[in-house]
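Just below sit the structures, each encoded as structure tokens.
One chain, chain A, appears in both complexes that follow, with chain B as partner in the first and chain C in the second.
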Partner chain A sequence: MKGSKEKLQIIIAGLLIGVVAAVLVLLGNPANMGFCIACFIRDTAGALGLHRAAAVQYLRPEIIGIILGSFLFALGKKEFSPRGGSSPMTRLLLGFFAMIGCLMFLGCPFRMILRMAGGDLNALLGLLGFAAGIGCGVIYLKRGYSLKRTYKLPASEGGTLPAVALFLLILLLALPSLLLFTEEGGGPGAKHAAIWISLLAGVIVGGLAQRTRLCMVGGIRDAILFKEFKLLFGFIAIFAAALVTNLVLTAATSGTYFNLGLEGQPVAHMDGLWNALGMLLAGFACVLLGGCPLRQLVLAGEGNTDSALTVVGLLLGAAFAHNFGLASSAQGPTDNGKIAVIFGIIVVIAIGEFNLASNRKKG
Partner chain B sequence: MTKLDARGLSCPEPVIMISQAMKSGETAYEILVDNRVSRENVTRYAEHQGYRVSVTENDGEYTLVIGK
Partner chain C sequence: MIFIATFYSHFGAMRCKKECDKAGISARLMPVPRMLSSSCGTCVRIESEDAERIPRTEESEQIAAEEAGGYRILWKAEES
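Up next is the complex of A and B:
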């Protein structure tokens, strides 16, 4: 049956992605952060000098790899489809606040899975908030929420973000002196695998996610909305593979890749309420966007310029989060961050209301 | 037969469109989508609901005829 073949594909992709993510930590990435789209876009904002938080500056090749991997697979499968025009500014704003939510929690939905796979129980509260946020978004979808239609665009428009990604890669390789880098031992930004390994990992994950439509938000959303579990299988497969790999690495090496508990977790804090509310905002905003940050990168690679602008929104959100002290640290959330998350939830509710079928003119 | 135009809408909106249309209890629907993800998702949903789906492609757009 076609459905079971799709399920098998996404489970295999999820397992591969889980292993790749766990191995990236062995090869130098920060703990429980083989991948984190939010953190890596934040580090990239830092490398470009858009914020000056010295601990989180590195032009992450994983992000470039995901965009280019998706772009190449889409081209190869004749699925590169330049389109846009579906409420671009609203999407940028949703991307901005999704990032504010992620940086309250300290991770995107992808890293939330990896944190759970590393034994970080704080991430369970994140998951609870995330599921609640998705539930909020689903209510709006059921009420007729839509950001309206996209339209076909020229290839040059659809190819802009992949071209920018390629340019950043060249910059990283040829002119790194123009970029800012966290000093050795200065924070998570200093921890990374070799450029080519990170890039390759990104290309693999971007390609697999493009082929399977993997999305961390879509899994829970479709399960609630349609009792459709395909995407959720990918989510669970990532968790299972990363968990097993972490346990194997802990047994086989001198490092610790699995540490069950709440305290002393890497790049995490223990404020359960704000872990949950941060991910509630992220989940809610991502349902209204139609996909998690990883999915936005993949769609942008396929030529969707609305998603490309969402990525710009994520980048801006990350820069603001560090310039205005909104991002949490291992010590916990900041007051500014709490205000920003509450404000973000209000903005996302307003976006939901304004874009209901009943509040829109026919379009 | 109910005809729906889901071109340009991003998932899951086309699936929501068809699921809401199916509440009317008609036996046949036609839905127009313009990307493979929507084609796959609408097809999967309709098949789960016990419908048969036939797809015709025309210049990057897909017409899905859904019937019992």
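Up next is the complex of A and C:
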């Protein structure tokens, strides 16, 4: 009974999130990018001047909204729980490489679903790699991988990232001249819905994800580990709702929100191998982290400082990806990006092996 | 009675399950129920007459008893 209610809540949340994500594109966000945690953190890094890729600079209110939405829902339900101390530096590094993988593919797992819902068949290869990466991570979980326990922390620690998110919102509203913005027509950074709409969408998604623990990685991980499909239903619900909304919008408006095929897909490239390997790295790193980038934002909003540091790792990864030419573009992956993804997979394997070795020593 | 033991890591849950198997206590791994925690992860569902028999490790977070409509927390790790 408890399980079926939980499943229903996850499906409803997934459906709502799918609709919100698709409608955000109608209201101005880049195509197939109503939400993309990786791209939006990358745009935010650009707005703050952490990289100088002029096409991708905008302080995305969706990211702020997700953190604040999770924070407010957690406070309201007495689930705000400041904690941390579970291998913070390892998490930061895993976050960094998860971002490198995402920017090879051009999207986080959330956007991977939205790309599929927009008819982008390149994302199917991403999904294949993502599932393989999760499978690699599960092998380490089964062998005894652990980032150790968290400890209770003062509220001021757990509240830091939500406070930073609020500060960034104030900056965006009151002092936008301090930030960098992509010029009109200059790239995906210039495409966005109105600030308040983006913020509200973020709060809704953050709140729903906090209540249901929705996680793109968790769905496939739990299906492999326990044959438990609850979280996976959320994943499928987002896809179904976004797909239907895209089809309806295509029929009802002059725009094209669904375009089935491999070629000419928005903010995407057609190199199947590197789409798959990028998402393999992202999936692998995220299993070792315990959740996808969306989940890390939500946990950070609940007061988890380890997840907050993972978000910092994602931000650093985004800045590096654009400062060193690691991120792909519509023309395809770069040589630097390919080296970085292979290096990232090696680093994640090394993290897993060192972790197992230290656990074995401890007995 | 049904008990749910939660852990700070999947590894902790696996160790508990092994200990249960050794002691002949019926146990299985499953995702942590939402009603019990906002954290996702692995827990061990244990059928036992006595909560005291449930093995605890340094990765144990809490032990709860399943009741009609919810769970009753019986034990929580320090500083959790």
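Rule of thumb we're sticking to: the second predicted complex is superposed on the first by the 356 of 363 C-alpha atoms of A that agree within 3 Å, B and C clash if a C-alpha of one lies under 4 Å from a C-alpha of the other, contacts with A are read in each partner's own complex, and residues count from 1 in each chain.
We take it that a residue touches a chain if its C-beta (ideal position, glycine included) is under 8 Å from a C-beta of that chain, and two chains touch if they have at least 3 such contacts.
None of these values were measured; they are calculated from a predicted model.
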Which superposed partner A:G290 touches (first chain B, second chain C, both, neither): both
Partner chain(s) touched by A:Q210 [first = chain B, second = chain C, both, neither]: second
Partner chain(s) touched by A:E79 [first = chain B, second = chain C, both, neither]: both
Partner chain in contact with A:G185 - chain B first, chain C second, else both or neither: neither
Touching partner for A:P154 - first (chain B), second (chain C), both, neither: neither
Touching partner for A:S146 - first (chain B), second (chain C), both, neither: both
Which partner reaches more residues of chain A (counting touched residues only), chain B or chain C: C
First, second, both or neither for A:F226, with chain B first and chain C second: both
Contact residues common to both interfaces of chain A (with chain B and with chain C): 2-3, 6, 79, 81, 83, 86, 141-142, 146-151, 213, 218, 222, 225-226, 228, 230, 290
Chain A-touching residues of chain C, taken from the complex the two chains share: 8-12, 14, 29-31, 33-35, 38-42, 58-59, 61, 70, 77, 79-80
Contact footprint of chain A on chain B as seen in their complex: 7-13, 15-16, 19, 35-37, 40, 44-45, 47-48, 60
Residues of chain A defined as touching chain C within the complex: 2-3, 6, 9, 74, 77, 79, 81, 83, 86, 141-142, 144-152, 210, 212-213, 215, 218, 222, 225-226, 228, 230-231, 290-291, 295, 299, 302, 359
Residue ranges of chain A touching chain B (in the complex, touch as defined): 2-3, 6, 79, 81, 83, 86, 141-142, 146-151, 213, 218, 221-222, 225-226, 228, 230, 290
